[in-house]
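After this come two complexes, each holding subunit A, first together with subunit B and then together with subunit C.
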Partner chain A sequence: MILGQIGFLLLVSSLIFSIYLIYLIYFNYKSVSDIISIKIYTFTFLQLITILFSFFFLIFSFVNSDFSLVSVYQNSHTTKPLFYKISGTWGNHEGSLLLWLLVLSLFSFFFLIQSRNDLKKYRLLTILFQNLIIIGFLVFIIKTSNPFLSLYPVPLEGLGLNPILQDPALAIHPPILYLGYVGSSIVFSSALAAMIEKYVNKIWASSIKIWIMISWIFLTIGIMLGSFWAYYELGWGGFWFWDPVENVSLMPWLTLTALLHSIIILEKRETFHSWTLILAIISFTLSMNGTFLVRSGILNSIHTFANDPARGLYILIFLSILAFFSLIIFYLFQPEKKETTRFFLFSRETSILINNWFMIFFLVVVLIGTIYPLILEILNNSKISVGPPFFNILIIPFLIPFLIFMSIGPRMNWINTENKSIIKKKLLHLLVIIIIFSPMFFYFDKKNILSLSIFILGIFLLLSLLNELKEFFIKSKIRNISKIISHLGFAILIISISLNNIFSIEIDTNLKVGDSYKFKKYELVFQNISGKVEKNYNSVIGKFILKDIKNDIIYLNPEIRIYENPPMITSEASIKNNFFYDNYITMSNIQGGEYYNIRFQKKFMMLWIWISALVMAFGGLLRVFKK
Partner chain B sequence: MFGKKVNSRILFICLLLFSLILTTYIIFKALEENVVYFKSPSEVKNISELEIKKKIRIGGMVKNNSIKSYSDYISFTITDFKNEINVTYSGSIPNLFSEGKGVVAEGILRDNNYFIASKILAKHDENYMPPNDNNLNNNK
Partner chain C sequence: MFLKSRENIIRFLFFLVIFLLLFFLGSIFFKSLNTTKIFVPDKLIGRSLPDFTAESFDDKNKYFTKNEIFNEKKYYLLNIWASWCGPCREEHPILIKLSNDHNLELVGLNFKDKKENALKFLNKSGNPYNKVLIDNNGSVSISLGAYGVPETFLINEKKIIELKFVGPLKNSDYKKILKKINYKNEN
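So, the complex of A and B:
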C-alpha cells in the first residue's frame, strides 16, 4: 500500500523534474558557454532514478501480491510462480507503459552521456524533444493508466495473469520490443534537433547510426521472440500470420532497415538528407502508432485483452501532435539543397536507393492491409478483414527482384566505372545457379514455383555472401563484416521460409482415444489420455505415437490445460524437433465429447528461422561493439 | 527540344508517376480480391445473390446442443437469436469453441442456410464476444 503511494509520488516528482529540465535546457541553450550545465546531467539522472524506483516498487508490489493495487489485483495471483509474478508487472497495460517510460528515460540519459563529441545545441535540443515525449507519457500514465491506483477494501486474492502470457519467451518479449521501439525515439529527437541546428551531415550520420542500429537490433529480436511465442504457445503452428499486432511491429522494422541503409549514403556521400530525415521521423511515428493500435484495443487481435477508448484517444492525440509538430519543423528547417553531387546510375547509392524503395513498398502494403479494415469500418460501418493472401500476393513476388538487387548491390562501389562489369559477372553467376537448380521445377508441384524461385535466389544471395566472407578471411580484404553477417542472416531466413513453404505437411482431424490416422508415409496413433494436477492448473495429456514408413517412432504429448485463475483453457503444443524439421501437435476437446480435434504439422526449417533472426541481430551487435 | 538534363528529369518523373500509379492499382486490386466481409446470420439470410467463391466470415453464438462431431468434420449451428445458419467444418478447433459461446467462422456460403467453414477463429479472451453481439443483447 505504502509502496504504491511512494511509487506514484516518484512518478509525479519525475514529471516535475522533466518540466524543470525543459526550463534548464532553455537557459543553457541561450547561454554562450560551450558545455552543458551539470544541472542538466543531474536532473536527467534524477528523472531516470525516480522512474526506475517507481518501476521497482511496482515489481515489489507484484512479488508481494499487494492486492491493494488495482493492477496487481487484476493481473496477479498468490499461487503464481515468482518468475511470472515479476513478468506480470509488464504483462498488463499500466505496467507495460511504465516500462516504456523507463526505457525512454534510460535512453535519454545514455544519449546525454554518450554524445559528448557532438555540438552542444544539437544535444540540448535532442534532450529537449526527448523530454517532451517523456512528459507526454508521464501525463498519459498519471492521468489514464496509473499502475498504482489503489483499491478498497483490499481483496484477498488476485484475478491472475492470463495463462497464455505465463511463458518465458513472453516474459522478455515486451521489454526487448520496447527497447527497439523506444530506441527510435532518440533517432527521432536527434533528427529534429539536427534539422534545426543545420547539423544534418556526415558527422551527425555517423553518430546517430549507432542508435539506429541498437533500436533495429532490439526490434529484430523482439519481433522474433513474439513470433516464437505465437508458434508454440498459441498453437498457431507457424512463424508469421499477418496478424495486425505482428504487422504493427514489422512496420517500424521496415523503416528502420531502410534508414539503416540510407544513413550510410548520408555518411559516405552527403546526399539524401531529406529522405533520411523523413525515415527517422516515420520510424518513431510508426513505433508510437504500434503502441496506440495495440493498447487502444482497436485492433481485433489476440493482444486486445482490455481496452479503454480514453487511452487510445490520448495516444492518438499525442501521436498527431508529434507528427504535425515534426512536419512543421521539417518544412521550416528543411536542409537546403547543396550543389548536386553527381549521381551514378550503376553505383552503391543506386542500389541502396532501390533497397529503400522496396522497403517503402513493403511498408505501404503492410500499412494498408492493417489499417484499411479500420478505415472502412469508420466510413461505412462494414466489418471486413484482410487475410494473409493479400500480403502474400503483394510481397512474395516482389521478393524476386529484391533478392537479385540484394545479391548484386552490396558488391558495387560508390563511384566507379567497373560496376558494369561486376553486374555482368553477377548476372552470369545467377544464370549458372538457375540452370543448376532448374530440374527442381519439374520435380515439384506447380504451386511451388514461387517458393522455388525464392529458394534459388536465396541460394544466390547466400553464395554471394559466402564469397564475400571468404574474401574477408582469406584475402583479408577490408569488408564490412557485420553487414555480411546480417545479410547472411537474411539469406538463411529466406531459404528457410521457402523450404518451409515447399515441404511442410499439415493435417487436421478428429480422433477418439485408440484411433489412428494414416497420411502420406506416416501413421499417427492416439494411444491414451491422462490427467495431472499442477500448482496453478490441471491438465489433460494426450499420448500420441507417430510412426513413419521405416517404423521410426516419435512420442508426442500435447496437453490441454485448464486454469482456474482466471478460468481459461489453453492448448500446449508438443514439439519434437531436430535440425531440419519440427513435429508439432496440438489437441483440443470438442464440447466435452469423446472426439478430440488433432492438428499435426511437420514444419521444415523452423529452428533456422529463429536462428536467422538472431544472426541478423548479431551482425548489428558486432557493429555496435566495433565502435 | 529540351536539354539532356531536363529530358532525363522528365523521364525520371514519368517513370516515378507510372510506377506509383501501377503500385496503387496493384495494391487496391489485391485488396479488393482478398477482403473478407463479416456478416451475421440475419444478414446472410437477406443475401439475394450468392457469390459462391467469395469467402466471408459469419459471427454469432453456437446454438446449444448443436455441435455434432464426426471423424473428419464437425457440424454446428450459428445463431444470432433471430436467424440461424448451419455450418460444417473440418480443421483445427480452438479451445474456446463451445456451445453457448461466441464464434467467428470463415468460409463459403452454399446457400442461405448452409455454410462451409474453412477456419474457426481462435479468440484468446474468455470474454470475447463477436462484434455484433452487443447490439443483439440490447435488442433482446
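So, the complex of A and C:
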C-alpha cells in the first residue's frame, strides 16, 4: 500500500523534474557558454532514478502480491510462479506504459552522456524534445493509466490466472519491442534538433547512426519473439499472419531499415538530407501509431484487448500533436538544397536509393492493408479484413527485383562504378545459378513458381555475400563485416521462407486407432490412445508414429484436453523439430466416435526463420560494439 | 523571383496535402475510437452457460446448481459484483432500473467479498437482485470465463449467453438489454 503511494509520488516528482529541466534547457540554450550546465545532467539523472524506482516499487508490489493496487489485483495471483509475477508487471496496460517511460528516460540520459562531442545547442534541443515526449507520457500515466491506483477493501486474491500469458517468450517480447520503439524517439528528437540547428551533416549522421542501429536491433528481435510465441505457444501453425498488430510493428521496422541505409549516404556523401529527416520522423511516428492502435483497441485483432476510449483519445491527441509539430518544424527548417552532389546511375547511392524506394513501397502496402479496413468501416460501415493474399500479391513479386538489387548494389562504388565488369560478372553468376536451378521449375508444381524464383534469388544473394565474406577473411580486403552478416541473415530468411512455402506438407485426414496414412515418402501410423487425469482437466493422448522410407521413426503425441470447469475442449499440438523441419500434429475427435480428425504438417526451415532474424540483429550488434 | 515563389507555392501545396492526409487519418482514428466496442471473445456469446454451482447468500451451506438458479423460462441477467469494487457502484443505478423490468430476473454473484460489507452495500444502495449467490474464492467467476468485476451476462430462456459486458454497464448497454428482452416478448 505504502509502496504504491511512494511509487506514485516518485512519478509526480519525475514530472516536476522534467518541467524544471525544460526551464533549465531554455536558459542554458540562451547562455553563451559552450558547455551544458551540470544541473541538466543532474536533473536528467534524477528523472531517470525516480522513474526507475517507481518501476521497481511496482515490480515489488507484484512480487509481494499486494492486491491493494488495482493493477496487481487484476493481473496477478498468489499462485503464479515468481518469474511470471515479475513479467506480469509489464504484461498489462499500466505497467507496460511505465516501462515505455522508463526506457524513454533511460535513452534520454544515455544520449546526453554519449553525445558529448556534438554541438551544444543541438544536444540541448534533442533533450528538450525528448523531455516533451517524457512529459506527455508522464501526464498520460498519471491521468489515465496510473499503475499505483489503490483498491479498498483489499481483495484476498488476484484475478490474473490466464495461462496463455504465462510464457517465457511473451514475458520478454514486449520490453524488447519497446526498446526498439522508444529508441526511435531519440532519432526523432535529434532529427528535429539537428534540423533547427542546421546540423544535418556528416557529423550528425555518424553520431545518430548508433541510435538507429540500436532501435533497429531491438525491433528486429522483438518482432521475431512475437512471431515465435504465436507459433510455438499459440499454435497458430505459421510464422507470420499479417495480423494488424504484427503489421503495426513491421511498419517502423521498414522505415528504420530504410533510414539505416540512407543515413550512410548522408554520412559518406552529404546528400539526401531531407529524405533522411523524413524517415527519422516517420519511424517514431509509426512507433507511436503502433502503440496507439494496439493500446486503444481499435484494430480488429486477436492481440488487442479491451481498453478505455479515454486512453486511446489521449494517445491520439499526443500523436497528432507530435506529427503536426514535426511537420511544421520540417516546413520551416527544411535543409536548403545545396548544389546537388552528383552521382551516376551505377553507383552505391543509386542502389541505396532503390533500397529505400522498395522499403517505402512495402510500407505503403502494409499501411494500406492495416488501415484500409478501419477507413472503410467508418465511411461505409462495412467490415472487411485484409488477409494474407493481399499482402502476398503486392509484396512477393516485388521481392524479385529487390533481391537482385540487394545482391549487386553493395558491390557498386560511391559516385560512379567505372569498372562495369563487376556488374557483368554478377549478372553472369545470376544466369549460371538460374540455369543450374531451372530443372526445379519442371519438377515442381506451377503454383510454386514465385517461391522458386525467390529461392533462387535468395541463393544468389547468399553466394554473393559468402564471396564477400571470403574476401574479408582470406584476401583480407576491407569489408563492412556487420553489413555482410545482417544481409546474410536476410538471405537465410528469404531462403527459409521460400523453402517453407515449397516443401511444407499439410495433410488433413480422419483416422481411427490402428489406421495408417501414406503420403509422399512418409507413413503416419495412429498407434493407440491413452487417457490421463490431471488436476483441472482430463486428457486423451494419441500416440502417432511417423516413418519415412529409411525407417527413421518419430513419435508424436498430440493431446485433447477436456476441462470440466468451465467445460472446454482444447487440442494441444505436438511439435517435434530438428534442424531442417518441424513435425506438427493436432487431433480432434469426431462427434464422439472412434474416428479422429488429424492435421499433420511438416514445416521446413522453421528454426532457420528465427535463427535468421537473430543473425540480422547480430550483424547490427557488431556494428554497435565496433564503435 | 517568379521561379522562386512558384517553388514556394509548390512546397506549400505539398505540405498542405500531407497535412490534410494526416488530418483525414487522424479523424478516422478518432471516429474509430468511439465506434469500437469492447473486445469480447466471440466464443462465449451464443454458447450455453457453463454448468456451475454456487452458495446461496442468504442460507449458509445451501448450494444452487445452474438449473436451479435459472429455473424459469425468462431472461436472466447474471451480474458479478463486489462491495469493494468501485465500478460496481457506478453501474448500480442501472441494475436498479433493470430490476423494475418484469421480463428480467437479476442474479448477483458476489465476488470475493466479506458478507457484512456486501450486506451494507445492498442495504445502502438498494438490492436489485432476485437471487444473490456467493463466489468466495472466485472459482465460479473463472469458470464463467469472466475477466474481472463487474461483469454482466444476459442469458436467454434456453440458458444461452446472448450478451456479455466487461466492466460497468453503461446507459447504452441498458438500452441494448431492454431492446433484446422486449423484442423477444413482443413476438
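Note that the second predicted complex is superposed on the first by the 546 of 627 C-alpha atoms of A that agree within 3 Å, B and C clash if a C-alpha of one lies under 4 Å from a C-alpha of the other, contacts with A are read in each partner's own complex, and residues count from 1 in each chain.
Following the convention adopted for this analysis, a residue touches a chain if its C-beta (ideal position, glycine included) is under 8 Å from a C-beta of that chain, and two chains touch if they have at least 3 such contacts.
Worth saying up front: this structure is predicted, and the values here are computed from it rather than measured.
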{"item": "Touching partner for A:V364 - first (subunit B), second (subunit C), both, neither", "value": "first"}
{"item": "Which of subunit B and subunit C A:Q74 touches, first, second, both or neither", "value": "second"}
{"item": "Partner chain(s) touched by A:I142 [first = subunit B, second = subunit C, both, neither]", "value": "neither"}
{"item": "More subunit A residues in contact [subunit B versus subunit C]", "value": "B"}
{"item": "Which of subunit B and subunit C A:P389 touches, first, second, both or neither", "value": "first"}
{"item": "Touched partner set for A:L132, first subunit B, second subunit C, both or neither", "value": "neither"}
{"item": "Subunit B versus subunit C as contact partner of A:G312, first or second or both or neither", "value": "second"}
{"item": "Subunit B versus subunit C as contact partner of A:L156, first or second or both or neither", "value": "second"}
{"item": "Residues of subunit A contacting subunit B in one complex and subunit C in the other", "value": "304-305, 566-567"}
{"item": "Sites on subunit A touched by subunit C in the complex", "value": "74, 151-157, 159, 161, 292, 296-298, 304-306, 309, 312-313, 316, 319-320, 323-324, 327, 331, 371, 374-375, 377-378, 565-567"}
{"item": "Touch list for subunit B against partner subunit A, complex", "value": "23, 26-27, 30-31, 33-38, 55, 57, 67, 69-74, 90-99, 122-126, 131"}
{"item": "Subunit A residues within the subunit B interface of the complex", "value": "162, 164, 234-235, 300, 302, 304-305, 361, 364-365, 368-369, 372, 382-387, 389-390, 393-394, 508-512, 515, 560, 566-571, 586, 588-593, 595, 597, 599"}
{"item": "For the subunit C and subunit A complex, residues of the former touching the latter", "value": "11, 15, 18-19, 22, 25-26, 28-36, 38-40, 50-52, 82-84, 86, 112, 114, 117, 137-139, 142-145, 147-148, 166-167"}
